[in-house]
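The structure follows.
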Amino acid sequence: MTDIFEEIESEVQSYARSFPVVFDRAQGPYLFDVDGRRYLDFLAGAGTLNYGHNHPVLKEALIDYIQRDGLTHGLDMHTVAKEQFLTALQKYILEPRGLDYVVQFTGPTGTNAVEAALKLARNVTGRHNVISFTNGFHGVSLGAMALTGNEHHRGAAGLPLTGGTSMPYDGYMDDDLDTTRYLEQMIDDPSSGIDHPAAVIVEAVQGEGGLNVASDEWLRRVEKICRERDILLIVDDIQAGCGRTGTFFSFEPSGIKPDIVTLSKSLSGYGLPLAVTMFRPELDQWKPGEHNGTFRGNNHAFVTATAALEHFWQDDELCRHVQDNASLLTRRLTEIADSLPKNTVQLKGRGIMQGLSCPDGEMASSISAASFKRGLVIETSGSEGQVVKCLCPLTIKSEELNAGLDILQAATLDVVSNRFKKAS
Amino acid sequence: MTDIFEEIESEVQSYARSFPVVFDRAQGPYLFDVDGRRYLDFLAGAGTLNYGHNHPVLKEALIDYIQRDGLTHGLDMHTVAKEQFLTALQKYILEPRGLDYVVQFTGPTGTNAVEAALKLARNVTGRHNVISFTNGFHGVSLGAMALTGNEHHRGAAGLPLTGGTSMPYDGYMDDDLDTTRYLEQMIDDPSSGIDHPAAVIVEAVQGEGGLNVASDEWLRRVEKICRERDILLIVDDIQAGCGRTGTFFSFEPSGIKPDIVTLSKSLSGYGLPLAVTMFRPELDQWKPGEHNGTFRGNNHAFVTATAALEHFWQDDELCRHVQDNASLLTRRLTEIADSLPKNTVQLKGRGIMQGLSCPDGEMASSISAASFKRGLVIETSGSEGQVVKCLCPLTIKSEELNAGLDILQAATLDVVSNRFKKAS
Amino acid sequence: MTDIFEEIESEVQSYARSFPVVFDRAQGPYLFDVDGRRYLDFLAGAGTLNYGHNHPVLKEALIDYIQRDGLTHGLDMHTVAKEQFLTALQKYILEPRGLDYVVQFTGPTGTNAVEAALKLARNVTGRHNVISFTNGFHGVSLGAMALTGNEHHRGAAGLPLTGGTSMPYDGYMDDDLDTTRYLEQMIDDPSSGIDHPAAVIVEAVQGEGGLNVASDEWLRRVEKICRERDILLIVDDIQAGCGRTGTFFSFEPSGIKPDIVTLSKSLSGYGLPLAVTMFRPELDQWKPGEHNGTFRGNNHAFVTATAALEHFWQDDELCRHVQDNASLLTRRLTEIADSLPKNTVQLKGRGIMQGLSCPDGEMASSISAASFKRGLVIETSGSEGQVVKCLCPLTIKSEELNAGLDILQAATLDVVSNRFKKAS
Amino acid sequence: MTDIFEEIESEVQSYARSFPVVFDRAQGPYLFDVDGRRYLDFLAGAGTLNYGHNHPVLKEALIDYIQRDGLTHGLDMHTVAKEQFLTALQKYILEPRGLDYVVQFTGPTGTNAVEAALKLARNVTGRHNVISFTNGFHGVSLGAMALTGNEHHRGAAGLPLTGGTSMPYDGYMDDDLDTTRYLEQMIDDPSSGIDHPAAVIVEAVQGEGGLNVASDEWLRRVEKICRERDILLIVDDIQAGCGRTGTFFSFEPSGIKPDIVTLSKSLSGYGLPLAVTMFRPELDQWKPGEHNGTFRGNNHAFVTATAALEHFWQDDELCRHVQDNASLLTRRLTEIADSLPKNTVQLKGRGIMQGLSCPDGEMASSISAASFKRGLVIETSGSEGQVVKCLCPLTIKSEELNAGLDILQAATLDVVSNRFKKAS
């Protein structure tokens, strides 16, 4: 059945290697393969399916739109679908949070939104350097890749990457170093060798980087460092945003207000490509068409995004559900960790992006494989792929979440006990 | 009605400025605004809607897929929708043309496909330099932008762009210079200051660059230069491909076989984001996940793309239709040019990407504006925006094409005669 | 008298601003201006005149050579003068220290020697990144400048500087951070965002950076980090070498053996331009003439360098003298510091490159100015110019050293008491 | 005798390979090796010894200066020697030519002077791109190397070189292309892919590049292109300046006035390291010490430079002598060329930098080797080392010049006839 894939699809595939079946349908937290086998999806499009697969409300809105020949592709032209999306974004997200952002539709991928953010920051400030953090992931086009920590991605550039300086993330040196103090000193010291930055780009929770969490206090200190030195603060909320951590934006609990925010992944709510870069109006110094792209007006995505905002973000029901699920997740993962020999695995993450850090990538990928055999799709992240990462839909019911965690628990025990057997 | 756009959409908008209405629906070659006014669409998503808006066959396939909860978002996992797309691409496009390409699904934007092509070329050859051409357009993410000629886009980088060398396109110095001879000499001369390139990237017809056409002979010479010097040849067929010039790939008449080809825009056939980078199997040296991206498996786009390939590319009916329309277009544009004072405008382009080069961008944009008033959406391109560019759907009927050209003719005469009046 | 300087010499001058007289002659530790006024020289060509001005033994050798029409300029051709220099370098410096280095004559400036070292390291390893340290100074040509910390110099590039990563020097975060542990973690972490380096370049004492001293233990840890990871270790000994710290190379006490060493400044012994890059024979992968330069065979400099090596480095007399002077210097600077309100100034440095760190650059430059009025030429260094730096000739007699320090003491007291007066 | 060279001098040596003896003394146009053998020097330090070796007038001035303990090394401080040099430069060179340049003493190498010129141009204009020409040579430090055409040097960087764009020099495409028209179009076309340049850097005669000569008309057109577009014009006169072409500056016959001029090589007149960057006063926007360097005040070089200016440049005797010698050189080289099978070699160059272009580098280096056996030191240049280059001292007497050319003629005949023998 997979002949055509082997025959002509490039070796660059990655997830297809972990889950070697052909998927056909999907509903809510479930994937179905061609043989009708059902899988719980704790990957959820790497954070793209916060409302599950093919949510009926969004589905209906999309089918209606298609059936009435709503404009599908509109470059950056004004459309009814875009108007409704902007109105909903303003009403349900920006206004209630006191954010007076301007919205730029970039090419509908996260990396494109990051590229736009970087250009804007560089042009507005007239500086070239952007500070990113260890284990940060911002995309693999050349500009975003320069700020991505992972050497697997960086090495593919075939060029030295320029324009970025990597600094230690919160907790990078354990308790030995307040990394904001280091950041501050390197920026302030005129002989540090670090060019005064245009911007700092940061994730509040590093999804690809291994579920590392920045504390609220750390984020506030980073914001303060930026404010006092005329440096723009960019929060890349592509993976951690859209409710994943229990609030729409991952940075809400910290109280910071970034100058620029990038969103993508779950923004359309249906897995359709969409990305925006949002920023303070004073920064909107773009000239017409300077940053362009064919698909920056993906109207199907506007339709589902609007439906998602209206359905999920008029009240705090989803947020409370996420927080409940997050607590459940913490509790169950703690149980798993506690059931293993001490310090075998550590809990990582926040909200519905939590996981278990294993001693090495091999153990993590064995757990992923063992889970898949039991009907659970779950992936790894981190510098060595050592973190098993739960990214299930936010909308998952507690019994489904428990079912998935039962599988994860069994798989983990299996893998760990096998390893101990081998070792003895 | 446009309040929300003025309020919170970024100034980066471009097309929305030329066509200041709010569009709602679209069918075939027609756009409809919120007031029900109908417009002929000679922009067609800048070459993204080769089969017109919301083609019924594709629409039906898409609705069916959605209704049956077909997987929407699948990262790079194997899905039935992808399988069918690859099968159709192989059967209707690659095999009949003797192209044994491997297919990489990149982030679903043209610029992402170009970024992947550049990485591959650099890594396979171990060289960093890529030759592009004057007036070439390959995207606005940092890597692709380095190979894009336009200073409006380049200047937005906020960083010196690295990794590219710009060379004169076919006809750049009129008849004074065989630009392939210059290219060859600069590559061969060990003291030219041009580092031996990993690749040459070229468009057979430059869409954004102003409908400049490379002759078949020129393309063959470029291919020969590459072959003899171990340089990879990349054809960026994002705008000119998918039938726009009368064959599926724009380079078919020349007989060349590029090492790498990028496709996007009309690939999904419905305006949905999709992009691929295809290349000779020997070049498939990617490591798993080296170039990744959230939306590289846009299954809705696979569904419509498959329907488009099956519907339009099983025989040569569409190609013949394009060639007929192209002839009509040439004839009518010639008539327009001939009706004006000598040398006021020149014909540019090939296939259904032809247009009129005006003395300046102001005249071209006036013609676009005057056309829009008459119900025709048509845009400009070129280094100064001086070329009025007909990019109507390939499927347009001759009477519709004529109707649009009637408008263009009237608008052009109006603008030109007004200018002559002012001047006298 | 200074008319012509005001008239046509560029504003780029720096030292000429601190010492606004016209110098004419010089002998040993003394400078004489056109009016015959004598100054003690505690700048000594910023570490270029370790044996004082116009040392009689070197002077005689040079005059003899010139008188007999010895070859002055010889590109990189073999000459008797070069032969004698290489022989002396081998015999008195390399062999006794167990260093089997190959010697490359680069253009006769420190920055050129550093450029050669960087090229070699990059080509031998096939990597591009080079790690340098906060407050490091390696020159102002584009390659070396990328590794120089000071923004005053970096900002002059007019281009983003590429190819380097700045890391914290020994003691950069006081006792809060073992900076080698940070270096090690950033290098080892595949997601740190730091590309695996070709080399680490370091000064054992940072002259321009403000007399920061790397401990022996720190240098050994840096060497170990490099050895274990196939990273080349470059010691830039341009200012701290040639005996300045009490041994020929500044790194001798630490016991490390760098892969590459750069020397310049005092190498010729007479203030004549000369620079070498020395490295392990296995690294000598240069192709003929790859790194060239007109003046890389400055035979006058070979003559004085040979005389200097023969006169000063056959035994340990000079080293003992330096160590005695260094002790004297430490004692006297401590006295000065102790005579001031607590924590007003701090001692910095090692060997005959010690000084006083002031609260700000203004105080340091006032001390320099007040010293000059009293007949002492002394300069400042450090990120803010806050360190008054004693760089007198190594050969200075203790009574001359004391005389200079008497002036420095008086000047410092004056400046400090004036400031306290103003403040009160 | 050459043991120490083999033992510890790096493989990077180049000239030493062509002339494998050890030189000892030198006088006027003659080199003497350790065995007392005499060689006519048609290399003259690659243009550094325009007044021959150890000219007695300069020698006397230098010895006097040394004997009276004149300051040898003075960083950038004001000295009597510098004052006298600036006065002579102003009086004999700048004023008579109507050049109101400001003089910057850079590190005493050509590449350092070029680095300073590039920084200045970039900072003054706020642009990064600098246009250089095919076969141009400007040095091998990273900034200058980016503008050097030769891949042998470029490849040693170990980094992609940034900041430059290479354009075709005069005559690069024979008569097929007016290269200034191409330059103009590429600069003016906003979609050419060439960022608007800060500066154009050019040699009036390309010494290392193979004695290519820019016509006066071409230089004037380049100047005009720069003037009209606010681009700075830099003439790198390091090899062709100081009288080598029959006027002090090589560009004098063309009547252009560059914004920035770099000089080095023969400036000191004695082979001592010295370099200056001169520019229009309005460009002197350096901040103190921004571009620094230890040896930028090489007072010995000031002394000999002053003596050279006073001795050779008070009247036009030297220039007339050069022009006579240049005519003789042209005549004799023409004779040699005419004596060979048609089109075997071509004349190249201007003034006392003329030579013969051979079909390949092997023939040229054979001629150099055969000349050396006969007592003539002569080298090759050009992209493949195919040009035998006469760079004898300007002061050479006609009988000495003839003697050298007799050797060159014999060597050339020998090599050519041997090759024809082999071929037959």
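Order as written gives the chain letters A, B, C and D; numbering starts at 1 within each chain.
The rule we apply is simple: contacts are C-beta pairs under 8 Å (C-beta built on N, C-alpha and C of every residue); 3 or more make two chains touch, one makes a residue touch a chain.
Bear in mind that the values here come from a model prediction, so they are computed numbers and not experimental data.
When the C-beta contacts at A-C and at B-C are tallied, the pair with the greater total is A-C. Chain centres here are C-alpha means, and the one lying farthest from chain A is D. Each chain gets a centre from the mean of its Cα atoms; for chain A and chain B, those two points are 31 Å apart.
Chain A and chain C have Cα centroids lying 49 Å from one another.
Rounded to whole angstrom, the centroid-to-centroid distance between chain B and chain C, based on C-alpha atoms, equals 58 Å. Among all residues of chain D, those that touch two or more other chains are 128, 152, 159-160, 162-163. By the touch criterion stated above, chain B contacts chain A in their complex at residues 1-2, 4-5, 7-17, 19-27, 31, 34, 43, 45-46, 48-49, 53-54, 59, 62-63, 66-80, 82-83, 86-87, 89-90, 94, 101-105, 107-112, 115, 118-119, 121-123, 126, 128, 139-144, 146, 152-153, 155-159, 162-163, 198, 238, 264-265, 270-273, 277, 279, 284-295, 298, 300.
Considering their complex, residues 159-160 of chain C touch chain B. Across the interface of their complex, chain D is touched by residues 128-129, 132-136, 147-152, 154, 160-166, 168, 172-173, 176-178, 181-182, 185-186, 189-196, 209-210, 382-384 of chain B.
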